[in-house]
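For clarity, chains are labelled A, B, C, D, E and F in written order, and residue numbers in each chain start from 1.
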Amino acid sequence: MTLTHFDANGQAHMVDVSEKLATARVAVAEATVAMAADTLSRVIAGSAKKGDVLGVARIAGIMAAKRTAELIPLCHPLALTSATVDFEIDHSVPGVHVRAMVQTTGLTGVEMEALTAASVAALTIYDMLKAVEKGMVIADLRLTLKDGGKSGRYVAEGRKGS
Amino acid sequence: MTLTHFDANGQAHMVDVSEKLATARVAVAEATVAMAADTLSRVIAGSAKKGDVLGVARIAGIMAAKRTAELIPLCHPLALTSATVDFEIDHSVPGVHVRAMVQTTGLTGVEMEALTAASVAALTIYDMLKAVEKGMVIADLRLTLKDGGKSGRYVAEGRKGS
Amino acid sequence: MTLTHFDANGQAHMVDVSEKLATARVAVAEATVAMAADTLSRVIAGSAKKGDVLGVARIAGIMAAKRTAELIPLCHPLALTSATVDFEIDHSVPGVHVRAMVQTTGLTGVEMEALTAASVAALTIYDMLKAVEKGMVIADLRLTLKDGGKSGRYVAEGRKGS
Amino acid sequence: MTLTHFDANGQAHMVDVSEKLATARVAVAEATVAMAADTLSRVIAGSAKKGDVLGVARIAGIMAAKRTAELIPLCHPLALTSATVDFEIDHSVPGVHVRAMVQTTGLTGVEMEALTAASVAALTIYDMLKAVEKGMVIADLRLTLKDGGKSGRYVAEGRKGS
Amino acid sequence: MTLTHFDANGQAHMVDVSEKLATARVAVAEATVAMAADTLSRVIAGSAKKGDVLGVARIAGIMAAKRTAELIPLCHPLALTSATVDFEIDHSVPGVHVRAMVQTTGLTGVEMEALTAASVAALTIYDMLKAVEKGMVIADLRLTLKDGGKSGRYVAEGRKGS
Amino acid sequence: MTLTHFDANGQAHMVDVSEKLATARVAVAEATVAMAADTLSRVIAGSAKKGDVLGVARIAGIMAAKRTAELIPLCHPLALTSATVDFEIDHSVPGVHVRAMVQTTGLTGVEMEALTAASVAALTIYDMLKAVEKGMVIADLRLTLKDGGKSGRYVAEGRKGS
């Protein structure tokens, strides 16, 4: 099996999907922003009242999903029908789990849109907390679910810690 | 210490940096794309001749560095003076290490630009290999070096595995 | 009735429209740029011969309609089928009425596209005349017509002055 | 006095500012989103707990300030040093006052950036409330303060209602 | 026959295509970057091993195709289904022939997308070689093939030199 | 002399310009859109009264100059201080000569900005006339003047036909 993003001569191209069917598609991507317990406490405080780190990161992730095709060179432009970004505080890391879900009815899947949304949401969390802690790590960004299209359903073997 | 991206009322804002000095600044960010050994072998084959996955990812990362302020809501727009993205094949992961370095002479640091470049380069690697392996993980995206500006030099304690 | 852009937990999201029908949709938005009579006379002079303020503003408005989903965080990306921006000189204000009409065949309405086109066209008029008069006011930006989709036809009660 | 955005032949151009001095500049723009009292009560409820309309609109306004030169054809690209968007609930309208302040150290003023930020923040408020009330009006978008540069300080005569 | 991008009053608008049929469409555009034989030899050397000028230009062209509607004011936004950029070394010029092919299933043709891809790929070649030779010329950018839609198939009479 | 956009290993990068001096820089690029005499007559008619093809193309070119760094992968982002696009009708071609001039005070030259402006202005002319004539050719896009910076003044040997 060859890499679909390259032709027989090894030249990169945007794959021809004109023969594909427009079907309902969904993808979910997840990542974890690991940080010090003290940094996490500021995130929690902000969610409660002042300095809503996660609220800003959510908007950044959703907006980034819409711009995926501008960032990933061989990704097809898509009209998304839904995009959500959720967060879960995890004291055991300590850190914040990021989960992005994107849907479309179209010719190609939305894995890259979900991954880009999760990635930019995590980067935005980093940006807003970096004055407090530069050593945060964005860990384990991965696709956890994909459905729709010819290749069918994919579920990752389990996310970290579950 | 409060979060600088929020004012006294907890409202998000783009921090006023007009009193900062324009100094030479540099930042380096790293991440690892972990994959199956068989997937990695395709990357290596491509670098040698056909299907230059890493060449495409490098361009994507450099271009993304220039668009960081569009993606990260409270990030200041900056005129970058340099941007590089390098890769290292690591059979022990197995996977590819991504390393982005960005420089500017300006009022704010370029940590977010380096992290964004590394992140988008890693996502592009994922995009081009996902038909072969959906379970790849983008692991340990972090800032490893920062210099310039009032807060001085920061070196991460060491990257995973070294 | 709750706000559709927030889920049950109050978290912002891009609403799932995948179950909506693709229908023909249209929206019209209007605004007025109020200015001194002397400033208006320059606009009129330009339209006749030199310094075509309204010609530039029209292009800016049409181009902005295409980028609405990049500006409005929870707005769905759409493939527009038509966009027009018209102007009417009104000595009684004195000022310029802006009217933007946008059409699509899609899953969501184009109210935001029409409003964004009218808004950016008005801002462009301001930009080109601000050296002459800083006190211009962009007044009464509103949706005046919407049709298509489940919620049906909406006509505003009448625009200012008519 | 001729319009600076057009040359002697009436052709639009981006004005040459290379002889201008880089000075500290600031601009403030304001607008009002007028709505029904019931709609306003939802905004207030959201600010308190669920559905933070104003938090989302603030981010949209700040991000739009950074993209002003892409939207307004003859506007110079600028590296902003600060951007804030604030809101004030006004039961007497009833509605929400929007106030955007932008700063830079540069060759040109930031009036358009402040106006664009206020405009997009207001449009985002409209977007999130339009399912409840389509008849909202974005009223009286104007420049209220400008300082820095050769033309000096400008203060609007007072905003509507004060 | 009048120009379709202007209405009866001569005002520019984005043409209404809502009554058009969504059909498979393709367009091919070509251009030639003419340069000194010595400059061309560096391109050839790069393709073989170091400094892959054409690989970078290919990515730039494909990415530009996706952004055509942002650049060309009255061009409709489109979801492309395929985009490729190919190069051919021609010692007789001496120079590099650029050929971009774009496909979609949609309401409008993709001529502008193919032309924009070819143009930006050629500009990128220029950018990477300009330190060696400023006198390169991007010659004869033209549409060579168009098919699909009501106006049917168009084939250019032949490209320069063939 | 090696290609500056590639490092010693042949990897593309955005060249480090942090040691360069910020000087006044200017670049001029030209191209010709060749078309049938009948097509040209429509352009001329439009300039006089209805359907201002060149007015729209001028705005498109100026706006594209500002986005050059987004299109050309290894191009540095720059704050332009001036951008103009001019046209000259030439019955002897027959066609339209396009001339773009861009200025900045910065660390790198603005050749790519001028070339991009001329290219997008020419493409916009093509877009608006293509319903009349698909066989138009954008010929001889080239840099005709460059000044400022260490490499000094460059003047092209003369443009086609002069």
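Following the convention adopted for this analysis, contacts are C-beta pairs under 8 Å (C-beta built on N, C-alpha and C of every residue); 3 or more make two chains touch, one makes a residue touch a chain.
Heads up on the chains, UniProt names are A, B, C, D, E, F = Cyclic pyranopterin monophosphate synthase.
All values reported here derive from a predicted model rather than from experimental measurement.
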item	value
Shared interface partners, meaning chains that touch chain C and chain D	A, F
Path length in the contact graph (chain A to chain D, fewest steps)	1
Of all other chains, the one whose Cα centre sits farthest from chain A	F
Furthest chain, CA centroid comparison against chain E	D
Centroid distance [mean C-alpha coordinates] between chain C and chain B, Å	38
Chain D-chain F separation of Cα centroids, rounded to whole Å	32
Set of chain F residues in contact with two or more other chains	12, 52, 55-56, 59-60, 63, 67, 70, 73-74, 78-79
Pairwise chain contacts under the document criterion	A-B, A-C, A-D, A-E, B-D, B-E, B-F, C-D, C-E, C-F, D-F, E-F
Touching residues (chain side chain F, partner chain E) in the complex	1-6, 9-10, 12, 31, 42, 46, 49-53, 56, 59-60, 63-64, 67, 70-75, 111-112, 115-116, 119-120, 122-124, 126-132, 134-143, 146, 154, 156-157
Chain D partner contacts - residues on chain A that touch it in the complex	52, 55-56, 59-60, 63
Residues of chain B defined as touching chain F within the complex	24, 55, 58-59, 62-63, 65-67, 78-86, 103-105
Contacting residues of chain A [partner chain E, same complex]	7, 11-18, 69-70, 73-74, 76-79, 106-107
